[in-house]
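Quick one: the structure is below, questions incoming.
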């Protein structure tokens, strides 16, 4: 059976230091659970930091690249998937993840949250205030909010006694 | 030179009657300007209504379909582009439009607004309150707000004395 | 109901003068039937020539562009669809056409023939000898061969007494 | 640095027993080199056999799925990338592989060979006679022919004394 994949989205070049620390820690925790980390693959912001956190803690990292060549991937990406589709690859990011975690970001990150919810994927917002825009999906149980990377992991695990991801 | 294309996005099955009336009127006005209307092509909500408004007033309508077959298009679509890419086609919707108009909708519409802004396309919100989520883009002059279909047309025309689209 | 679309594929920068003449004539004939011409949209080879043939004879032309911007389209394209997907757009070319005509070309053209046949689209080879590679599809009635643009039109019309496209 | 990925393409439901044996053996050899195997991910033919060969010999397997859900992947796939793009994913298959090996197949496999060559990827044909169709690319050094899985590995390794892949 295919491995459990957590997609981590968030700001690129505009990400703050604080959000990059969160992203690193989240990557670390994902790796320690034995899960696979997936992101947009570029060497910037939340992508780079989350991949580094997973890689430096023994995890496997997948980068879904907008471009056509492997060489554009972050050095912390193990498996570089080159789509050649630009931001069209955001759709593949969300379909390929069992659950999406979104840190603060701009339009790229918002498009991933929206595409995930549209396709019935669960999304966990980590410190990202999206206002009321997605309230329909919060009511239907697809949208979660977390304040720390640790809380994200707990939400994914849910209340299953055996520690396996709860809703997948 | 290729024709000027206005992309009209908004709710599908969940669109209200009021928003469908706006969409019809917007399609009508786009047709009367001699512009091409582009939307997601399905026979529902804002898509169907805007295509109908354009078609019944002599306009040309393009539908970018999520599916693989032409037969899934609204009857008011002249040119059915079958992408076979599901919601991945939202990226093509925005790249192919010279300007995007977004009526109220859920995650699909929000993904189109976000993908448009990410790719430096101008977006006009028609009666759609997206809160502060896209305020960065409002400041940089990519995001506009309109209260009526007529106002949308005026924004597109801008202040050009000759009536040609202002910023394209 | 959506218009009938004929996709015309073939060499770009490497197309010969003879093949460009065929492409121009084919575009002309498609326009005279009142059909829509679709191609890859770039200002080169069979794409440019077929669009010019259609446009100069009153036809409507659609270009499915590999790039993200309208400005990369041939001047003979009326509707520029910007996919931002590179050669990934070849899949959209074939799905969006009711029938594909392939003039001689290299790997790009061959990929379009193959993707069309895989998706049960009829393909007419115009002076393009593909050897035995697609013989399976010739036997199943999806692959046709023509020696002139006029013959292509006749194959599309089939034996319908009313002159409407035969197999769509 | 990202891992070295070998894409293995070939027939699905129509693959012969002999070709599936080759595919299994090829997957085994790829795994033993420490390379990653990538294919179309479905539980059929060359895809299933090559993934099984790699998995049962300690390798890592990536499946680029045409559909939207992980559950359509072969049980021998470790990382399921869900594209939701149908055969449009063939473009991603070839861009994401450092080298493509093509066993005999029909239009799907031919489209992958063509898309790979168009994008300057090296392709090794394993027992697949494609006639003269791709002779242009054989002359330019992109197209190779092998008679056994072992020969495929030798071609990839080339003449490098250190056993690392030769041309990547």
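As written, the chain order gives the labels A, B, C and D, with residue 1 at the start of each chain.
Rule of thumb we're sticking to: a residue touches a chain if its C-beta (ideal position, glycine included) is under 8 Å from a C-beta of that chain, and two chains touch if they have at least 3 such contacts.
All figures in this text were calculated on a predicted structure; none of them were measured in a lab.
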| item | value |
| --- | --- |
| Least step count from subunit A to subunit C, where 1 means the two chains touch | 1 |
| Farthest chain relative to subunit C (centres taken as mean CA coordinates) | A |
| CA centroid of subunit A to CA centroid of subunit D, Å | 28 |
| Computed distance of Cα centres, subunit D from subunit B, in Å | 41 |
| Overlap residues in subunit B, where contacts from two or more other chains coincide | 68, 83-88, 91-92, 119 |
| Overall pattern in which the protein chains touch one another (line/ring/star/complete/other) | complete |
| Residue ranges of subunit B touching subunit D (in the complex, touch as defined) | 68, 83-88 |
| Touch list for subunit B against partner subunit C, complex | 1-3, 5, 36, 60, 62-64, 68-70, 73, 75, 77-85, 91-92, 95-96, 98, 119 |
| Residues of subunit C that touch subunit D when the two form their complex | 85-88, 90-92, 106-108, 110-111, 113-115, 117-119, 130-134, 136-137 |
